[in-house]
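Labels A, B, C and D are assigned to the chains in the order they are written; within every chain, residues are numbered from 1.
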Amino acid sequence: MNFWNDPINFVSVWLRSLFSGWGMADWLVNVLLAVMGIVVLIICAMILDIMLVWVERKVVARFQDRFGPNRVGPFGLIQPFADIIKLLIKEDITPIGADRIIFNLAPIFAMTAVLLLWAILPLGSVIYGVDLNVGVLYIIATGAIGTLSIIMAGWASNNKFALIGAFRTVAQMVSYEIPMLVAMLIPTILAGTMSVNGIVQAQNVWFVILSPIGVLIFIISAIAELGRSPFDLNEAESEIVAGFHIEYTGIKFGMFYASELLHTFTFGGFIATLFFGGWRGPFAETYPLLGVFYLFIKAMFFYWVIMWVKYSMPRIRIDHMLAFNWKFLTPLAFVLLIVTAVVDKVLAQTNYHATGLLLANIIVGWVTIEILRIHARSLRKKDEIPAQPSTQAAHH
Amino acid sequence: MDFMQIIFLLCAALILGAALMVVTTRNMIHAALWLIATLFGVAILYVLLNAGFLAVVQVVIYIGAIAILFIFAVMLTRREMRDQGPQLNNGWWMAVLISLLSFGGLFLLFTNWSGFGKMMVNIPAGTDTLRELGSALVSPNAFVIPFEVASVLLLAALIGAVYVSFRGK
Amino acid sequence: MATETLIWLIPLPPLLAFFLIILFTNKNKALSHWVGVGAAALSWLGSMIVFIRALKVEHLGQHPFHSAINWLPTADTWLKIGVLIDPVGAATLFFVAWTIFMIFIYSVGYQNYGQPEGDHDIKGLPPHGATVIDPNGHKHKVPSIEPMYSRFFAFLGLFACGMYTLVVSDNLLTMFIGWEIMGLCSYLLIGFWYGKESARNAAIKAFMTTRIGDVFMLLGIAFLYTATGTLSFRTIFSEEVLRALATTPAFFGFSAAGAIGLLLFIGTVGKSAQWPLHVWLPDAMEGPTPVSAMIHAATMVSAGVYAVIRMFPLITADFSGQGLTPTMSIIAFIGAFTALFAATIAVAQNDIKRVLAYSTISQLGYMIAALGIGAYVAGAFHLVTHAFFKALLFLGSGSVIHGMEHGVLHTGDHNTDPQDMFNMGGLRRKMPITFWTFLIGGFALSGFPILTAGFWSKDEILADAFGHGHLVVFIVLALAALLTAFYTMRQISLTFLGEPRTKAAEHAQETTWTMTVPLIILAVFAISYGWVGIPENFPIIGGLIPNWFHEFVGSTLAEIPEGVGFNIVPLVTSLCVALGGLFLGWLVYHNVKTDASDPLKKPLGPIHTLLKKKYYFDEIYDFLFVKPAYWIAETLVSKWMDNGVIDGILHGIAWVGSHLGTLLRNYIDAPVVNGFGDLVGEGTKKIGASMRPIQSGRIQYYMLTSLVVLIVVGGLLYYLLVLA
Amino acid sequence: MVPLSWYLTLSAALFNIGLFGVLARRNAVAILLGIELMLNAVNINLVAFWRYGDPTVITGQVFAIIVFAVAAAEVAVGLALIISVYRNRSTVIANDIDMLKW
């Protein structure tokens, strides 16, 4: 076996022989290798994160018909490093009355939550941290940690706006976890496993074709989970200044910022992995590094989609946000789950499996749209009823 | 003293320490956070026991839902940041006594039990415990009834909680 | 429709009318009387159909129309009720239907339908008239409509229902039911103007008096039922039952048949106002005139006689042909006596309706006497004829009174009694139709020879009485007939002949067609109905018309009674008494001047007063029964028995009880029971108070306690189970 | 390797710490925290017994999951109660919430 077919294993075998050659204990070698792998992965992620800052700024500039960073280095490529330096040398303020420990722990947790996700993200056929057999749940679990970080931040800042932001975040995340989980169960059902890599393996047909609506639900709830516009209520600048990270400065703020960007990208990656065949592509089996490339492309694409949504949609009201989740998204997700499960069972081992699922999704979608239309019509009717000014006056 | 034992001892220390902090710390938010720490430790224990699914579920449910709820409750039931005044009531020494007694009792019982010093057996190859768990939860001749009952219980709790804490318009 | 079904249906329409009017239409007078009259017409139509079909049947007596259904389950058999139309029933049905129908129509006019509401009429009093203003501004007082017009028709309907039930029923029970319904209705109708004291009393009197008879009748029915186990006529009248009844002795030498017959007959005495229970009938005149006609001519009193006719086979069960049985002789005696007795009273009455009332009594006496001597057909015949002409007379008198009232209202002097014959006179010119019809009725009543119905029926009775050699009865009845003719003529002449004696009489005027038409119709019957019963062997005209009635009605009995052979004596007698009586009456009363007292006063003297006072019967009864009854009720029962004895006992018991209670309370309840209860209560309270601190309401202490217990117990158990 | 005894001891200790919390803390929320600790101790036991017994019989994990469900329900209702009590009496001190006596 050569490097190109199985790079990680190749490297690990080499290192293992090296270390044991130095006369280390086995378990020590394992630990060392694990640590090295983690470190490498984290470093890659961080560097990518730094680049993401640039991407973000460029894209938003384009969306807003500007140039964006273009002074420092070619295309302003060096700009993010300048930003980081700036953040690092800023004064690190901890507000009086803040709960110091928690205040400092929060951004670390935020970053951790994102990095933990990378542990199960399969970059290539054989390139992944661990192949957890409960990967899908794991994603939610890390989301929980993200939530925790935000609420810690919000509470520890000893600041109203921060607290409100935290509350909002928690409400939002706890609610949107549900449709997200349900949406992730669809690929689980289709693939018959919860391990993310297994799901990728199973995607001879991209699951987006088998369950387009599932994809939509997942993307929407992912955006909410990330707390990006139109669901960026936790840092609604116009209402609660900056929400949970209002009191943060310097690198702590930077960590929140970075974690958000990386989180977004990661979720792009997961969208790609769960529904768009992950690292699969021509020759990805034989040359895993190609798979990494494919995944990067797809993830970038969805990162860009999320940005697109963010910069083209206004923020929605909190009650609307919750109502949208509880009254529309969750029921739809459950219906879709049930339909998918049934159809999948019925049509298993037939040639109509894919088409049947697609049809089922189309029908579900159509019905949903019909229901929404009827509802909207009735609402409009209610509004059209003319209000008598006299009674109005009487009321006021 | 092998690797497993070290890890076990570490997270046992984490668990017990955090738990002690939970029951003793003055600041309720800290208590909640310490609880989270404990739960993490327990999750790690699950992993050590090859119950990965439970570990993840532990994190999702306990940390992602329950602990968050606790923090909420603490925030909603306080006036200012710090909790001053004693957090233990007058009968705390009694409580200590009882706890120690019962611990002693339990330990006594354990020690007199034959299977106390039992060692871990290897999971036979080719048994996917996760798959088994899943099928056990939904197979009629296993635990489908308790499972459904639990779900109903959850629904009831949900409705009850909403009703209890609903502030009429 | 099958005849039986039809018969079933006959009593229904009036009943429905009753409920309809009472429940729904009573607000609307016109609708009410249409319902009433319509119902009467339906029943009339049904009756006529039944009658005609009955005529068509050969030997109706042997196979009458009869149908019965199970009604009450009695032990192992059923008490059947049903309908029966045999010849007698048919004949009765005929006149009942006609008279009732006529009376309904008549009532419309009599209760002043179409007149304005009275000025100050109130319910329960006769209408006092209303003032109308004619185009040229003159005020007129005109009769006003009866305030309780609808109610009147409702009651009439119920009454008619009762009568029809009685006639068509095939057993004593339903017959008795109809009988009682009529009793109730007569009470209601006599007391129709309950505002008047006299009306109230009359109603109560009638009810109580007839009640006496009814009780006995019920006894008779019970006796019959116990004796035979059935109440159905046909089974009772079967040979063997009758013989059995005739042979079984009852009491005082009566056979069972006789005893039952007697008891039933007493019921009749009450209903048909025979002496000594006649007193209610004259007072019953308090009711509106159609009611009088209804009760005294058409229905109730006839019902009494009808009952006797029905029971005739039973009464005569042990009648061998000569020598009356005790029952029959009693019946004959009472009948004859009543006939004479009532006639004598009638002579001295001035109230036009009272005269008729007493004449009714005496005529009923006639019938009863006839039946008593076994003259079955004659009795039935007289019943029918009498029904017609007496109805005619009552309605006529009603018409007269109406006319008089009109006059009274017109002149407006309210102290002239419109019913007193001495206030009338010369009405023949004012109200010709009434006059002629009344004349016909009167002549029929007094048995004007050949022409009128009354003659034939009376003559037959007399002939029977003479023929069977009951001379006493014959003479008495002859006397009664004489008196009848006399007071009838007196009435006619006082009312219609001579000159008007009062302003009211001068301004009296003919009544509306609704009243006169019935008069005319009834007058026709009053004349013609007699001709169906002319004996064949009557000189000259005998046999011109076959004696249909005799054949027809006679066929009801097992063996058709022989018509008595012709004898000149009774014929002459009846001729004499009738014509003589009429002549005398005319002679005495044909011109009585204004404010003249009764010409008979002087010659008779105290006797006249006696008669006028009706032999003081009311007073005697008042003294004998009413006063004692009051005394018993108030003094004996109420004051002595009730207040004295019973209350005394009760008070004693109460006294003892209360004292005993006090004793128990003070010496047992308070110290022992309460003490115990308080002890328990207080004890519980104390214990609770001492226990209270344990329940601190603090979960943690609870938990602590429970855990302590748990650990202790657990340790103990462990020690016992494992270590030991 | 780790013997079962360690797990049992650990869970017993955890359980009693939770018990202490339940008994001694004044704050009602803290009492609930203690209960959570006890539940976790129980879960540890369940899973340990599963693992050290026959791993192919999954009962222990199932029980653990059901305990999760119960815990979630208990927390939801308990906290709701506490919050509504706080609204009415503006206290969460367990000893002050003693309306339920005679």
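Here is the rule we use: a contact is a pair of C-beta atoms (placed from the backbone, for glycine too) under 8 Å apart; a residue touches a chain by one contact, two chains touch by 3 or more.
Computed from a predicted model, the values in this text were never measured in an experiment.
Asks: Of the pairs A-B and B-C, which shows more C-beta pairs in contact?
Replies: The greater number of contacts lies at A-B.
Asks: Can you check how far apart chain A and chain B are, centre to centre, with Cα atoms defining each centre and the answer in Å?
Replies: Each chain reduced to its C-alpha mean, chain A and chain B end up 28 Å apart.
Asks: Round to the nearest whole Å and give the separation of the Cα centres of chain B and chain C.
Replies: Taking the average C-alpha coordinate of chain B and of chain C, the gap between them is 100 Å.
Asks: How many angstrom between the C-alpha centroids of chain D and chain C?
Replies: 96
Asks: Counting only Cα atoms for the centres, state how far chain B is from chain D in Å.
Replies: The mean C-alpha positions of chain B and chain D differ by 6 Å.
Asks: At which residue positions does chain D touch at least two other chains?
Replies: Chain D, residues with two or more chain partners: 19, 23-24, 94-95.
Asks: For chain C, write out the residues touching at least two other chains, lowest number first.
Replies: If we look for residues of chain C contacting two or more partner chains, we find 700, 704, 707.
Asks: So, with touch as defined above, which chain pairs make the list?
Replies: Listed in label order, the chain pairs in contact are A-B, B-C, B-D, C-D.
Asks: Write out the stretch or stretches of chain B touching chain D in their complex.
Replies: These residues of chain B touch chain D: 2, 4-5, 8, 12, 15-16, 19-20, 22-23, 28, 31-32, 35, 38-39, 42, 45-46, 48-51, 53-54, 57-58, 61-62, 65-66, 69-70, 72-74, 76-77, 83, 86-89, 91-92, 94-96, 98-100, 102-103, 106-107, 110, 115-121, 123-124, 127, 129, 132-133, 136-137, 142-143, 146-147, 150-151, 153-154, 156-158, 160-162, 164-165, 167.
Asks: Show which residues of chain B lie in contact with chain C when the two form their complex.
Replies: Going by the criterion above, the answer is residues 89, 91, 94-95, 98, 101-102, 105, 108-109, 112.
Asks: Can you check the complex and tell me which residues of chain D touch chain C?
Replies: Residues of chain D touching chain C: 19, 22-24, 31, 94-95, 97-102.
Asks: Contact residues on chain C for chain B in the complex?
Replies: Touch list, chain C to chain B: 700-701, 704, 707-708, 711, 714-715, 718, 722.
Asks: Which residues of chain D touch chain B once you look at their complex with the stated criterion?
Replies: 1-10, 12-21, 23-27, 29-30, 32-34, 36-37, 40, 43-44, 47-48, 50-52, 54-56, 58-59, 61-62, 64-66, 68-77, 79-84, 86-87, 92, 94-95
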